Amino acid sequence: MSWLLPALVLVPFAGALVLPGLPDRFAVRAGVGVALVTLALAVLATYETGTTGFGRMQLEVRTDWVPALGLQAHLGMDGVSAPLVLLTGLLSVLVCLYLTRVGPDRNLVACVLAVTGGSLATFTALDLLLFFIAFETVLIPMWLVIRIWGDTTQPGGTATRNDAASRFVLYTATGSALMLLGIILVIARTGTSDLTELIERGGAGMSVTTQTVAAGLIVLGLAVKTPMWPLHTWLPPAHTIAPTAGSVLLAGILLKLGTYGLVRVAVPVLPAGLQNVAPWLGGFAVVGIVWAGLACLTERDLKRLVALSSVAHMGFVLLGVASMTPTGLQGALYANIAHGVVSALLFFVVGALKDRHHSADLSVLGPGLRDRLPRLGWLLTLGAVAGLGLPGLAVFWGELLAIAGAWQSSALGALDRPYAVIAAVGTAIAAAYWLRVLRLIWQGTPPADQAGLPDATHHETVVVLPLVVATVVLGLLPGPLLSTTAGVVRLLLPGGGVVP
Amino acid sequence: MIHLLGPAVLAAALAGIGVYGILARRNAVLVLIGAELLLNAANVLLVTASALPAGGLAGLEHSQTYHDPLIPGQVMTIFVITVAAAEIGLGLAIVLLLFRARGTVELTAVRELGEASPRHTETPS
Amino acid sequence: MSGPDLLLTALALLAAASGLLAVTGSRVVHCALWLVVSLGALAGVYLVLGAEVVALVQLLVYVGAVVVLVIFALMLTRAPVEPSDRLDAPKGQKLAAVVAGISVGGILAGTLIYALQDLTVKVQGEQGSARNIGRAVFSGWLLPFELLSVLLLAALVAAIAVSRHLPAEKRPGQSLTEDGGVQ
Amino acid sequence: MTESAAILSIVLPAASAMLGLLMGRDWARDWAVLGSLGALVAAIAELVLVGTDGPVTAFGFLGRAQLGGTTIDLALRSDQLSAAVAVLVALVAFCVQIYSTAYLAGEGTPDAPTRYPAYAATVSLFTAAMMLVVHSADLVLLLIGWEVMGLASYLLVGHHSERASARAAAAKAFLVTRVGDIGVVLAVVVLIAGAGTTSISDLNRAATENEIGHGTVLTAGLLLLAGVVGKSAQFPLHIWLPDAMEGPTPVSALIHAATMVAAGVFLMARLLPLYLTVPGALQTGAVLASISMVGAALAALAQTDLKRLLAYSTISQVAYMLGAVCVASDRELGSGDPTALAAPGVLHLLSHGAFKALLFLAAGCIVHIVGSTALADMGGLWRTHRSLAVLFGIGLLGLAGIPPFGGFWSKEAVLSAADEAAHAGTWVGWTVLVAGVLTIVLTGLYAGRAWAIVAMGRDPVLPAVGDAETEEPHENPHGHSQVPVAMMLPLYLLAIPTVAFGLVLLTPFDLLHGVEIQPGTAITGALLALSGVGWAVSAPRLGTPDIAVALPVRARALLENAFYFDAVIRALVVRPVLGLARTVQMLERDVVDAYVRAVRPTTEIAGTVLRRTQTGLATGYAVWVLVGAVVLTVAGMVLV
Amino acid sequence: MLTDITGTLTGVPRIDAVALLPVIAPVVALLLVLLIDAVRPVKPLLNLVTLAGLLTAAGGVAYLALEGTERSTACSIGVVVGTAGLSGPSPLPESLSPSDVGFGCSYLVSDLTLTGQAIVLVAAIGCLLLALDGPGAEDRTAHHTLLLATVAGATALAGARDLATLTVALETATLPAIGLIALRRDAQGAQAAVTLLLTAIASLGLLLLGIGLLFLATGSLYLSRIADVLASDPDEKVLVVAVAGAMFALAGIGFKISLVPFHQWTPDTYAGAPLPVAALLSTVSKAAGLTAAAVLLGIGLPALHDAWAPLIGVLAALTMTAGNLVALRQQVAVRLLAWSTVAQAGWVVLPLAASGTTRDGVREAVAASLGYLLAYVVAGLAVFAVVVLVARHHRAGEEHTLEAYRGLARTEPVASAVLAFALACLAGLPPGVMGLIAKVVALRPVVDAQLWPLAVVAALNVALALAYYLRWTALLLATTDQATPRWRLRPAEGIVLGGAAAGCVGLSIGAGTIAGLLPDLLR
């Protein structure tokens, strides 16, 4: 079945190339078709990997591309990448489905498919340089989505839209250019860019200083994409401007590239280096959680608020990774998927609200949503409640395990317990700002003038349904996802994660 | 027996004068004169170097007595003179073209291509 | 200080002085003439250093052709014969020129003085003879020689093409008729 | 079989919640009632089955979560403790559902819709969550139930979300409990790290055989205590309960009387073996309980709102239960399961659940009649609605702990436990005993006060039952003269356990052998209660039905606002956090983002400066070339 | 190993015509063009002959590459020694071996030579095709002659292994280009030509002074000889003079690659010159400059690596940053392109900064530079092709600002797709995978040598450059109201556009050619 992964990656790209040629109406439907095929391939690949064991790398396919650089087109999938591939496939289908009814535009669907293809390539790439190329492939399509279909009704019109788009791509490009330096340093020192080989070596052959420098650079590049606290200021404007489809892609898939990179590249390949970087990474993550939480407390724009909440969520993921313990890593991977599902759900709902009210400002969305638009109201409540990490819904497990990982982490040294406590306090702040949102727009008496708005259409409900089911199922039944990542996490950590 | 220091210093002096000549003049033709001096300075340096036995300064401790049969220094000088001639030929042709096009050869007057010139600074629409 | 040394220093001083005058003179024609003197002195220096052919070529090409060309150019561009202060560049540029000139000259002089400190060498008279130069050029340096011919040809073609006479009011991008005749 | 009963008790209400929400308006009522009935039957069946073929320690429910070294087994357990509490919960839930069918009947007015389907579904969700807490064998599964209860309480308190006070109360309720829950989350984290497991039975066993470090268990214990204090509205995290009265009264009956607030005590009882190894945690709990006991009772005395009075009474009674559990470490027990030491607390939990639910539902009926919850508007119930008054009286007697009512037996069990601990010579025992005794008097007082104001009071508010509608009821436009049957039925149902709870002591439950009533404390307790009630009831002779008038005015205001603790918390916590949030927003815009925004102007300035060097003068460029060459040479020479 | 064509002239070394084919072909074509112009100047014939000349040269390069053996010609080994009867002024004592006396070969066909020549010829063919119908091509004969002369100079430069040939080849590559600039005989062209002329003459002076010093120090003009002398740890004096010479020579070559202090002529000359000539300057002339630097520094002065490597690093950093910063502010398309080529020059020269002393280090650095150069030239050609097309159809002609590209994607989807793809390649961001691989190739030696400040500056410059490339792409996709006329695409321009686009895509997929140049020793 070695054809499976290349097909998985190339089908969306092919779709992206073909779609601009077709007429709008037909193109969007074709887009959904291509996305469905990709999802089917993803499910098949996951099933195949599952049967032969998530612990090791499966479905490997490898051909030489640039021998001089040692760059090989080397794809593979294991327990860490399988859930992310599935999530990408699912979100891509949902976004394409969403676009069939809301502003169908063939180029937009093409960009969506390009982003999907790029992400799938990143998740299955097993060669450092191929990972980097795939990591960068996502930039231009996402920039196009924001630049062309962005919202120009914000104060400042097209200027803010262009600024948001260019800020997104330039910030990320600088980050990934620095990451490239780290990657080249690793390749130069170890002589190979093959990830499976590097993972087995576990950082042997590189002095600790080299590992620290390389880890510093790679983590910096990935942190911009995650985003980590001081480097996050590109995310809120990007989300406020991006169209709903763009926001879902950005939050659902793009943020995962950064964290996946950390787990796949930084942790196993540069264990000693990451050991030195971990306290800083943990520190910024924790500050991010509290900082973004507090910023949300006074945020006026709902999309910006959800974006800032994403920064807080990804703070937990980074804390999990920085702990470098099996529990922490599994927490990070779990929170990754959970955030993908929940933020996608939230952005769909917020997008629907924004389309109806032509603004995402809390005062305009107005009180009394529960009576005016009951279905959208309940979806928003479910999203908010999941967002604040209610046990029984997906995000809780990620946060609990990340905090547990941080608590007993040797990599964070003396800072492990304080970080865990601050992160736990962060969950309370999350509750505060989400309840503020519900209080401002969900509760209260609906104003008279906004009576006529239509509730969630059948189409929108169908698009959001899988996400609702996923949020609840992932919340109640953590077993399956945790066991998928359990095998690999033991492999990725130095010495199989000596801490219990 | 002659001291090579004399012509060497001459080369340096001529180079300095040539450089001054190029930069200090407003009239294009006079600038070319300065250029000629600079090239001649290089020629002097080459000829003085060819006066040394084979191996140049590095060969001195081998106390060679014979000279390099290919005489690179002097042959190079001849080539330089020819190149200079070609340059001055084309240079003057272009200066004359400039004169016919703009009626002056003063470089300070013909600065239309600079960034500050009005042609390129119209604010983007 | 043997005989040739004396002669060398004399010629060197002459060349340098006339060069300086050529470059700082306020009358255009004088500058050109001082240039002739300077290049002539250099020819002398080459002779003392035993480079006969080079001296001859210098006289022939530089003094004969190049300077004449320069004078023609001066006349064609109707440069002012009487002394004019418009020859020199503005203040800032002149200052930069002085600095640049001194620094280039200085660094070269410094290096050369450091390297050639009281190095004396016996000049081989006939090293620069026509026979040796001829053999050297046509054995070791044949390729540059041939290339030079291409360069000269190209320069001449360029010069001719560029100086083909120009219609009275030349607008950029206006195409000439095939034979380049005047409209 | 017991497993299926336990699972059914959770799944049935959950299913009814789901279907109620999805099916829409007309089906909602039937699903809700059916669900709670089903849960009640399952709970009773479980109680019987546990009795016959013994408890089942752990059986799978939501599978197993494998992470790093440890595995979290999301399993349930079923034993006498869980069965008993389950029955209580199911009973009260069933009563509330029936009660609500009438209480929230109809559509309500456009600006105050009843939203019954959502209400019924959330109550069912709550029941399912409480059942999950009661039956869970694993701390994390318990935490899930714990927080879903918090969410349900948030939704229900904020049910009438058109009222700003309701919205604020709902948010406050959730946030304060959430702050408490940070403790629980951290406790789970500590236990995962320290003990490698979160299964309650394993933890108890490991703690007793001190396989886990003492420090770990102490921190876990204290953190869990924080959660308990938050959820059971004990001092200092009690501020949310009085405000939670904004929710519909049946909700208060179910959540803020019988079940949720008791969940904290239930958790302590579950983990008693673990807590016995760290007496320090129990002592802190005891102190907090004592403070809550007395403080809340005092506050109840001065309340001008019937529901807030009952809320403060609940805080005080829950403190009773907590105190009983916290003195467990100073009592010795013969053989058998150490959790039996928590029996007095659990006993009081059960009896309090019954009579407090009765009181709240009765209060609901009164509010239904009078139209407002303020005590000033009430009076003369004895004459107008005799049966309602009787039931309300029974509830009050249960509350005050007058023999032979249920409240008396459970209160005495607690007092005798405290007495036994006091005789063991520990200061904890003495504090709880003294606080307990003091509280009995105060409870008697405010129970009597309530009776005096509501039942006796001045001329009838409403014409007697059955009078013609001629005389328009004065000054209460939106009251109703009649109380629907559906609202009265649950009262009768709940009156039974309130009265007959004493019989429970005779049943063969092995938990009960932790309980022995000492005649001495029993009699003194009864006398004190009677004196309290008597004094309060005699107040009308002083001219006003309200005994609180006897208090000096400033003291009365102090008590009414519960020592202004709420304002203190607002000043100490809420305002600084909002201030910090504003500064963060400002810092985000002006500092962190400033650097990013600054990049554009700096590049523009640099670009313009560099452009200016392009003067257009050819010899100007030559200067750069030559000077550049010189600089290059000098640098080269220096480097070599 | 000399092949024998002449043999008649006594003592004239046998010139290996095949080895020199890439140089001889353009010269022969040049002569033919002049001949035809004299007889019957028919435009298509002239074009054909010029193209034939370039194609033969390219064929020669291909043949030599395929043949694979290393040929050296125009050598002076054994001439004087081997010729019986000729008595030199002082017959060489028999004891001396040729390598002692400063002999060597003027022209060597090695991997470096062939790669340099290949890049030059590809670019030249592109520029010729652009110039066939583009602006400034009225004077057909002169244009083609000068173009062929420039190409001959550039190809000779790639193979030059002695300083005399290097100088003459460099001048042959520069002077005709100055002629080409002035060919349109308008004021713009004249000023541009004067600017470049003065910079070129000043640089020639510096180069010659440098060569004089090097000759003074080592006594020979042959690069291999100079390298040997400097490698056998010469004494202090020789080293100082040699370093001074090297620096002057490097400064002399700097203007051709447009490194920072020597770059100021670039924007003015590009703006003044006809567009195809600007394309020529940005591709052929830059390629010639880089090969000159590679030959001089890589083969002649590896011993002085400690002197020139860090300085090239500094120059590269300055060039990148200055180029990008000013490019951000440009509105006129051709000026933006000029500053973009200045910035790209920084990238091209970047690997040389980390060449390390070992032979292998220098080889890898030069290979990386040439790799990046190839990518840059192909992408540059594609961009220039589209700019020429727009210039031809826009009322402002060559002075058109970026606004002329607004909404081009609607009317000219193919051309704007090629432009967008080429800009992505120059920016180094996928879909322009070729550019990304080129940037990786360029950064690898720098990171390997742990030159962290340089690496970080380069990384930051990626974003700076991306800013204006994306601004340009965004304009393509923007919506516009005024209708831009459909283009009439001439065959020649079509070929260049197609060829360059195919080149970009080909190099993106088969990126091995960028990374794997110069597999064996650097000679």
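Brief remarks on what is shown
Per-chain residue numbering starts at 1, and chain names A, B, C, D and E are given in the order in which the chains are listed.
Keep in mind that, in the parts below, contacts are C-beta pairs under 8 Å (C-beta built on N, C-alpha and C of every residue); 3 or more make two chains touch, one makes a residue touch a chain.
Computed from a predicted model, the values in this text were never measured in an experiment.
The chains touching chain C as well as chain D are B, E.
Common neighbours of chain D and chain E (chains touching each): A, B, C. The minimum number of touch steps linking chain A to chain B comes to 2. In terms of C-beta pairs in contact, the better-connected of the chain pairs A-E and B-E is B-E. Comparing each chain's Cα centroid with the centroid of every protein Cα atom identifies chain A as the most central. Farthest from chain B in terms of Cα centroid separation is D. Across the assembly, the mean Cα position most removed from that of chain A is the one of C.
Averaged C-alpha coordinates put the centre of chain B at 7 Å from the centre of chain C. As a whole-number value, the distance joining the C-alpha centres of chain C and chain E reads 28 Å. Averaged C-alpha coordinates give centres for chain A and chain D that are 37 Å from one another. Spacing of chain B relative to chain D, judged by their CA centroids, is 94 angstrom.
Among the residues of chain E, those touching two or more other chains are numbered 76, 80, 88-89, 103, 164, 167-168, 171, 175, 178-179, 182, 185-189, 191, 193-195, 197-198, 202, 209, 213, 216-217, 237-238, 240-241, 244, 267-268, 326, 467. Residues of chain C in contact with two or more other chains: 89, 93, 96-97, 100, 104, 107-108, 112, 115, 124, 127, 132, 135, 139-141, 144, 148, 151, 155, 158-160, 162, 166, 170. In chain D, the positions touching at least two other chains are 611, 614, 616-620, 622-623, 626-627, 629, 633. Contact annotation for chain pairs lists A-D, A-E, B-C, B-D, B-E, C-D, C-E, D-E, with touch applied as defined. Chain E makes touch with chain B in their complex at residues 76, 80, 88-90, 92-93, 101-103, 163-164, 167-168, 171, 175, 178-179, 182, 185-195, 197-198, 200-202, 204-205, 208-209, 211-213, 215-221, 229, 234-235, 237-238, 241, 267-269, 271-272, 326, 331-332, 335, 399, 401-403. By the touch criterion stated above, chain D contacts chain A in their complex at residues 21, 62-70, 74, 111, 113, 115, 140, 143-144, 146-148, 151, 154, 158, 161-162, 164, 167-168, 170-171, 174-175, 178-179, 182, 185-186, 188-190, 192-193, 196, 577-578, 580-582, 584-585, 588, 592-593, 596. On chain A, the positions that touch chain D within their shared complex are 167, 171, 230, 233-234, 291, 294-295, 297-299, 325-327, 330-331, 368, 370-371, 378, 385, 390-392, 396-397, 400-401, 403-405, 407-408, 420-421, 424-425, 427-429, 431-432, 435-436, 439, 442-445, 475-480, 482-483, 486, 489-490, 497, 499-500.
For chain E in complex with chain D, the touching residues are 191, 194-195, 197-199, 202-203, 206, 239-240, 243-244, 246-248, 250-252, 254-255, 260-262, 264-265, 267-268, 304, 306-308, 310-311, 314, 322, 325-329, 464, 467. Those residues of chain A that touch chain E in the shared complex are 65-69, 71, 118, 129, 132-133, 136-137, 139-140, 143-144, 147-148, 162, 165-166, 169-171, 173-174, 177-178, 180-181, 184-185, 187-188, 213.
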